[in-house]
Every structure is written in C-alpha cells, then in structure tokens.
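These are the structures, in structure tokens.
Two complexes follow with chain A in common, the first pairing it with chain B and the second with chain C.
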Partner chain A sequence: MKFTIKRAAFIHNLTDVQRAISSKTTIPILTGLKMELTQEGLTLIGSDADISIESFLSVEDDKIELQIDSTGSIVLPARFFSEIVKRLPEETMTVEVEDNFLTKITSGSSEFTINGLDANNYPRLPEIEDTNKLMLSADVLKQLISQTVIAVSNQESRPILTGVHMVIQNSELLAVATDSHRLSQRKIHLDIPTDVHYDIIIPGKSLTELSRTLTDGVDTVEMRIAENQVMFIVDHTSFYSRLLEGNYPDTERLIPTSSTTQIQFDAPVLLAAIERASLLSHESRNNVVKLTLSPADSTATIYGNSPDVGNVEESLHFEELSGEELEISFNPDYMKDALRSFGQATIDIAFTSALRPFTLMPSEDHEDFIQLITPVRTY
Partner chain B sequence: MKQKNLYDSFLQLEQETQQLLSQLDVIKETMSGTLEKDAELEIENEHLRQRLEELQKDNASKNNDSDENGLSKSKQNLEKLYEEGYHVCREFYGSRRENDESCMFCTDTIYEDHH
Partner chain C sequence: MKFTIKRAAFIHNLTDVQRAISSKTTIPILTGLKMELTQEGLTLIGSDADISIESFLSVEDDKIELQIDSTGSIVLPARFFSEIVKRLPEETMTVEVEDNFLTKITSGSSEFTINGLDANNYPRLPEIEDTNKLMLSADVLKQLISQTVIAVSNQESRPILTGVHMVIQNSELLAVATDSHRLSQRKIHLDIPTDVHYDIIIPGKSLTELSRTLTDGVDTVEMRIAENQVMFIVDHTSFYSRLLEGNYPDTERLIPTSSTTQIQFDAPVLLAAIERASLLSHESRNNVVKLTLSPADSTATIYGNSPDVGNVEESLHFEELSGEELEISFNPDYMKDALRSFGQATIDIAFTSALRPFTLMPSEDHEDFIQLITPVRTY
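After this line comes the complex of A and B, so read on.
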C-alpha cells in the first residue's frame, strides 16, 4: 500500500475519525487508526466499539491530490500517527507500508518509520442497508441533540436513561431524554411516509460526538437505522453508534396536561436571575432555590439561602402571571440547563402543585419542545 | 539479596492489602445487612404502633382515609417511603434515591391524578 496526499485535507478527515478513537479501550487494536486504500480512494476508520467513524477521501476530488501507487490496508497507532502528520514539514506526504506492517511516512526531507498492525484483525463495521433512510436538516438535528442531551442521565447504574429515546411515527420524530429529575422532549416533523415507524434509544454520548461533526458547512444528514445500530452520514463521513437495548420508561404519562399557575418569562432574563440566586445555593447542602408566585399581588420572587454564607432575594421581572398562589423549590442547575436550551425565546412555565413537576415551553410552538423539572420538597 | 527482600515485602504488602480488602467487603456486607434489618424493624414498629392506635381508638368514628393532599392510605405509605429516600416508582423500585434527589417517576406514582 502506498499513496501520496495533501496533508491539510487528510488532517481534516483524520480529526473527524479520531473523535471515535479512545486511548482507554479494552481492545488494543482500537487505539489504532485503520486506513483502507482502494482504486476509488482512501477510507479512514476509527472506533471505540460504541461509536465508529468512517471517512472517505475520494481519488476524484482534485483538492485532495490523492495519488495511489498500490492498494492495501493498515492499522497505525492513532495518537502517534496524527501527531506526526500534523507536524510534517511539507504540504504533501507519502505513506508506504513495507514488510511486517512497517510504515514509512515521508514529507520533504523528513522520514518516519512506525510499526503498524494487521488490518485484518480490526473489527468489521456493521453494514447498514440504505432502505431505511431518513434525511434530516443538520441544523435541526444539532438543535434537537443539544436540547435533549442535557437531560440524559450520567449514571451508569441506569443504562437506559443514558440514552435519548427516539420514536419515529406519523411523519414525526419525537426525542425524549430524562435522568428522572428532569425531562426534555423535542418533536420535529419529517418528510417521510406516515407508516415509517422506529423506536430506538441512542446513547447520549454518541449524539454529543455526532453533534461535534455537524459543523457549519453541513446541510443535511442521512440517518439509517438497523437492528442494533444507527448510522448518520454527513458528506463523506459515516458515523455509527450502537443502540441501547431495553425498554425506555413511558414518559408520556409524566407530562402534565393541565396547570394551576402559569407564568411567562423572557428566558435570558430569568436565566440571569437564577444564576444569581444559585451563587449561594451551591454552598448549601441541598442546592435549592425557592420561587414564590403571587398572581394576586402580581409578584414573583426568588430566594436562595445558604445557612453558612447568607441569602439572596430577587423580585423577578416577568411578562405574565396568572392562576393560584404557589411556593415551590427546585434545583437551580436543572433550571439553568433548561433555560439555556431555549436561547433568546419567551417561555411559558406552568405549575400544578409544589410537589408535581413543572413544565417549560417556548411561548411559540408549545407542541414542539417541552422541558420538565421536578421540584424539591422542603419542610 | 536486597532486591529479593524488596520483592518479598511487596508480596507481603500485596497479601495484606488483599486481606484488608476482603475484610472491608465482609464489614460492608454486614453493615448493609444491619441497616436493612434496621429499616425493616422500623417499618414493622411503625405498623405495630399504627395497629395499636387503631385498636385503642375502639370503635370511634371511622377516620377519613385521605390526608390533606387527597392521598389514599397506600399512596401515603408510598410517599413516606419516598421521603425516607427510596424510589417507589416502577422503574427503580426500592433502590436508594441518591443525594435525596427528586424523581419524576416516583412523584408521578404518588401524586398522579387517579386515572
């Protein structure tokens, strides 16, 4: 195997693939980068068994200036190889595999020889047919990911909750995540037949990594679903993730359908106030802020208290307030995460009682996005 | 010779550490067993007290089954368990609520509108 390529293009693809390569893997060969050279071009593959990323450099792409002398494949230690490639002196480099997987990397007057591994020992990537494909807008997908992964659980003791539950039916994609303290649900419309139905759980970590590969230049993402794998194709890069097995808890029943107190806020204004109130609550043992709503007096007040440090009280600026009086306490960190996901929007918060979860929704498009936070009981 | 001594003392240390670890395990097991028993006894005690109270009330007017939140007796029991720091939801029933964090599955189980 021997090829010459423009370094900048190679590094660009290598950076994508490297996201999947972890130095802490139980399968030693996965610390390596797999390169597969055919007459059509060069494929780079990285994997940590959960996530795999495959990126293709086509011989037909003039910008890459890929010259193929002989085809073949090799696995090289990813960390060293990428450090070497990034520091080579010239614009182009040549990679040549010699006997015993010894690989020579040359650029200008610099020449490295590193030990490679037999590519036949590298695990095969799953093959996913393109019959079950969905086209998604990259921007929408990125937003959906950022809005739901905040609520994913990071406790390995509840594996199922470390994923985002995605249900596709009736031409809609419903994504839900919850760590049982808060919940986030986003719905998007898809241009697909109404009889297409899927019910999958994608690990939150995979989605976070996927979201990083969705840079500004990307318009659409192709999503393919198989038995226990999901695949996203972005340009010449394919992103594979395993799916979580099991039944996701029924979350539909958790979302309240009615409310007794309603308030409308400008999300950034409330976020700033919560951030101030949480300065002290973080010092206290139970990290709680208290919100008092009084529609009769038309006031909304927030308190933060930490016995050792002091307390804070702030009268909140809101848009609208109606319903019954209420005093409710909650973890300000969950509130902050939730509010950040709304950006600059105006939001409606609806409460049922001091003990039941409350909902946050954008004032426009109530249907599409909802966040749920459980209050903390205080005595 | 010196190196051999060093190795021997490493070996000894290793054995001691392993021993310590297994001891720790045993103690941990015993402790969690005791704690469990303690919780069980406390609940048992509570039940007995309740029974006693009921008996002492004789045939006094039949008390109302719901509390101020409109919760039935069984829901009140669930609420009490929840407040003691255990999950009462179907998803994680019986496991400890870490850091006393609230759980929306539990609150749904306890306070759901009775449908």
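After this line comes the complex of A and C, so read on.
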C-alpha cells in the first residue's frame, strides 16, 4: 500500500473519524485508525464498538490530489499518527506500508517510520442496506438532538434511559428522552409515506457525537435503520451507532393535559435570573430554588438560599401570568438546560400543583416541542 | 459601608486582584476579597501570602461612576462574590454592609445577601517606600519575564532555583534563571544612575502572574524594592511579591566563551523540526533526540526514536554551519522552550563537545540574550 495525498484534506477527514476513536478502549486495535486503499480511493475508519465512523477520500476529487501507487490496508496508532500528520512540513505527504506492517510517512525532508497492525484483525463494520432511507435536514436534526439529549439519563442503572426514543409513523418523527426527573419531547414532520414505521432507541452519546459532525456546510443527512444499528450519511462520511435494546417506557401519559397556573416568559430573561439564583443553591446541600407566583398581585419571585453563604431574592420580569397562587421548588440546573434549548423564544410554563411536573413549551408551535420538569418536595 | 458602582469597571479591577487569590490557601480569610472604602475611592485587595495585588477605583474617575454613601471595609468570599457580580442584571450595582458583616448586593430587581468577614482580621500589606524606584518599559519587562521563567526550576528541593536572579548595577538589569539542566540570561539597559545597586531573587510564579497583568494598554511599570519584598505598580494596580532569601549560585562561569562547532538557524524552522522529533522521544522512556552535524558534508540531521512506536529522521534546513563534526543528544522540550523564546529571529547555536552545555543566542545582539542547554549522555 502506497499513496500520496494533500495533508489538509486528509486531516479534515481524519478529524471526523477520530471522534469515534477512544484511547480508553479495552480492545487494543480500536485505538488505531484503519486505512483501506482501493483504486477508487482511501477509506478511513475509526470505532469504539458503540460508534463507528467511516470517511472516504475519492481519487476523483481533484482537491485531495490522491495519487495511488499500490492498494492495501493498515491500522496505525490513531492519536500518534494524527499528531505526526498535523506537524509534517510540506503540503503533501506519502504513506507507504513496508514489511511487517512498518509504515513510512514522508513529507519534505522529514521521514517517520512507525509500527502498524494487520488490518485483517480490525472488526468489520455492519452492512446496512439502503432500501429504507430517510432524508433529514441537517439543521433540524441538529436542533432535535440538542433539545432531547439534555434529558437523557447518565445513570447506567436503567440503560434504556441513556438513549433517545425515536418513533417514526404517520410521516412524523417523535423523539423523547427522560431521566425520570425531567423529559424532553420534540416532533418533526418527514416527507415520507405514512406507512413507514420505526421504533428505535439511539444512545444519547452517539447522537451527541453525530451532532458534532453536522457542521455548518452540511445540508442533508441520510438515515438508514437496520435490526440493531442506525447509520447516518453526511457527504462522504458514514456514522454508525448501535441501538439500545428493550422497551422504552410509555412517556405519553406523563405529560399533563391541563393546568391551574400559567406564566409566559422571555426564555433568556428567565434563564439569567435562574443562573443567579443557582449560584446560591449550588452552595447548598440540596440544590433547589423556590418560585412564588401570585397572579392576584401580578408578581413572580425566585429565591435561592445557602445556610453557609447567604441568599438571593429576585422579582422576575414576565409577559403574562394567570390562574391560581403557587409556591413550587425545583432543581435550577434542569430549568437552565430546558431554557437554553428554547434559544431566544418566548415560552409558556404551565403548572398544576407544587408536587406535579410542570411543562415548558414555545409560545408558538406548542405542538412540536415540550419539556417537563418534576418539582422537588421541600417540606 | 455602602457604595454604588459601574459593574464593568469593578469587574475589570476585580479580575486583576483575583489573580492573587487562591481557593487552596491554608489561611481561610485569604480566600476572600478585601474591600476598603474611603472618601477617595474603593480599594480591592487579594493575597495568597506570596503575592498580593491591590487595585484602586477612584471616586474622581467619571467612567467608574462610584457613588459613596458611607465608608468602611469588608472581606467577601472572592470566587462566589465575583460570580454574583458578573451575573447581575443591570449596569450598576450597590453593595451595602449591614450588621454582623452581612452584605447586601443589589442590581435591578435582584438582591443578594451574603456573609462577609471582619476586614480587621485580614493580613496587612507591607509598606514599601518610593525612595528607590525604577521605571521599566512594560513590553521589555514582559519579554524579559517570558525569556527567563522558562528556565526556572519547579523542584522545591532547591528553593533558590525557583526564582529569577536579578542584579541591577552599572545602569543594567541582568536577569538569570537556571534549573541546573538549562539556563537563560537576559540583559536590559536602564535609565538610572550607575551607582544604583540591587541583588534580588523574585519567585518565578510571581513574575508569571505579574506578566499576566501587563496587558497591551500598559506602557510603563514602576518597580520598588524593599528588604524582602518587591512591588510593581501598573496604573492603579500594585503588585507585591515576597523575595527569595539566600545566595543565588554564580552562573557567570557556566557560560562557555569559546566553541568548536557553530550553526545558524531560523528559529521557527528548527522549532517545527524539533516538535516533530519530540513526538517520538515523548513515547520513549528517556525523552532524548539526537542531532548530527557534519560541516564537511554540509548536513544537519535530527533523529527521534521510540522502541515501541517507531522513529523519525529529518535533514534540517540551516543558514550556516562551520567547525568540527558533532553528534549530540538533548531533551527536546528544553530546546522547544528555548527556541520559542527567540520568536521569529535567526539564532546562532555554538557547541564545544557532546557532553558540554551548548549556547543559543540571537544572531543580532549576542550580548543581550543567551540560553544554555546541557546535553544528555546516551552511552
């Protein structure tokens, strides 16, 4: 195997593939980068067993200046090889595999020789057919991911809750995540036949990594679903993730359908006040802030308290307030995550009682996005 | 004590003072920020016992909008207070000390109450007279610090070597640091009488912190020296550091005066090659690279090697090479630090033998700056 390539193009694809490569893996060969060279081009592969990323550099892409002398494959130590490639002196580099998987990397007057591994020992990627593919807008997918992964559990005690539940039916994709303290649900419309049906659970970590590959230049993402794998194709890069097995809890019944107190806020204004209040609650053993709503006096007040450090009290600026008097306590960090996911929007918060979950929705498009937070009992 | 102030101005000075405040101190009151309010203005003080920083906000500075209702002093938890101040909603804030050192901080509709401490229990800053003051250019001082602190020892086994030795005499300041493996010496001219004489050792950590306060807008620094303290005054901020006690070793005799092999490099070009070679030496137990100079063949080659990972060899681009053949090994990290301190300059490296220290000097102004690196015996 021997090729010459433009370093900048190689580094671009390598950076994507490296997202899947962990130095902490228990399978030593997975700390490596697999390179596979055919007459069509060079494929880079990285994997941590949960996520795999494959990226293709085509011989037909003039910008890459890929020159193939002999085909073959090799696995090189990923972190180390990437540091070398980034520091080479010239615009192009040549990689040549010699006997015993020894690999020579040359650029200008610099010549590295490093020990590679037999690519035949590298695990094979799953094959996923393209019979059932969905096309998604990259922007919408990225937003959906950021809005749901916040509510994913990071406790391994209930593994199923570490994923985002995605149900595709009636030309809609419904994504839900909950860690049992809060829930986030986002709905998007898809241009697909109404009889296409899927019910899958994708690990939250996989979606977070996928989201990082959706950079500004990307318009469309192709999604393919198989028995226990999902695959996303972005330009010349394929992103594989395993699916979580099991039944996701029925979350539909958790979302309240009526309320007794309603308030409307500008999300960034409320976020800033919650951030201030949480400065004190973070110094306290139980990280809780208290919200008092009085529609009769038209006041909303937030309190934070730490016996050691002090306390904070703030009258909140709101848009509208109606319904019954209420005093409710909650974890401000859940509230901060929820508020950040609304961006600059105006939101409606609806309460039923001090001990029942309350909902946050954008004032426009109530249907498409809802967040649920369970309050904390303080007495 | 009660005052109202523009938050942005307060935060600016607070940031400077916070450099001296450590949360790891063994003296609890030093985790606090001391504020002292007189009719002239507000003084902020932070200290970790080694370094103290004092910053003054004058009532006469219109931009600060300082309004004094009653004078006094207080110590507040520094990190926590600073987070509050940064997150307050309005442009100004009011700070008021009530009974039992309880302190109220208000801005808009937000009101914090935090527990303060009695300022009488805060250690006093040393008083340093202004009889012997030196004026230094901020840019030159900053460069001198960055060029010498790299060679300061971080081993507490010989505390004296954790400082930079500064000798002022004959209208010159000579600054030297060495960790016994390498040495850096910088000389600058001062516009002072030739009979002004000082011999002090300033902790390297103090100089590094001082350097961070020398931002782009600063032109001149006033330096005052006392028995066991040094003070630097930058605008309205005073920076105090204790001095190290003891005799600094005689470093003059360590610097070779003749050489047998001489080579001239463009510093950034050599730096890039050393960085590549160190990728491999870092993977090895003994972090060493080998340099071979052959004036007869007009070649200079660098080698790095790690038994586990591989090796690197690179022909170096140099400007001039003369003298005897040489093969020498050294720690590439010392070389990288030294080369970075020369910036974009062309440098002369002079060797005497494979086991004797070699010197690096800028090709222009040999006199003012010299670095010394001790080679490593590899056989």
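Here is the rule we go by: the second predicted complex is superposed on the first by the 379 of 379 C-alpha atoms of A that agree within 3 Å, B and C clash if a C-alpha of one lies under 4 Å from a C-alpha of the other, contacts with A are read in each partner's own complex, and residues count from 1 in each chain.
Criterion: contacts are C-beta pairs under 8 Å (C-beta built on N, C-alpha and C of every residue); 3 or more make two chains touch, one makes a residue touch a chain.
Keep in mind that what you see is a predicted model, and the values were worked out from it rather than measured.
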item: Which superposed partner A:R340 touches (first chain B, second chain C, both, neither); value: neither
item: Partner chain(s) touched by A:P77 [first = chain B, second = chain C, both, neither]; value: second
item: Touched partner set for A:R242, first chain B, second chain C, both or neither; value: neither
item: Partner chain(s) touched by A:L88 [first = chain B, second = chain C, both, neither]; value: second
item: First (chain B), second (chain C), both or neither touched by A:R19; value: neither
item: Which of chain B and chain C A:L183 touches, first, second, both or neither; value: first
item: If touched residues of chain A are counted for chain B and for chain C, the larger one; value: C
item: Residues of chain A at both interfaces, chain B in one complex, chain C in the other; value: none
item: Chain B to chain A touching residues, read off their complex; value: 69, 83, 89-92, 98, 100-105, 107-108, 111-112
item: Contact set on chain A toward chain B in their complex; value: 155, 158, 178, 180-183, 249, 253-254, 286, 331, 353, 355-357, 372, 374-377
item: Contact set on chain C toward chain A in their complex; value: 77, 80, 83-84, 87-89, 102, 109-115, 272-273, 275-276, 279-280, 283, 308-317
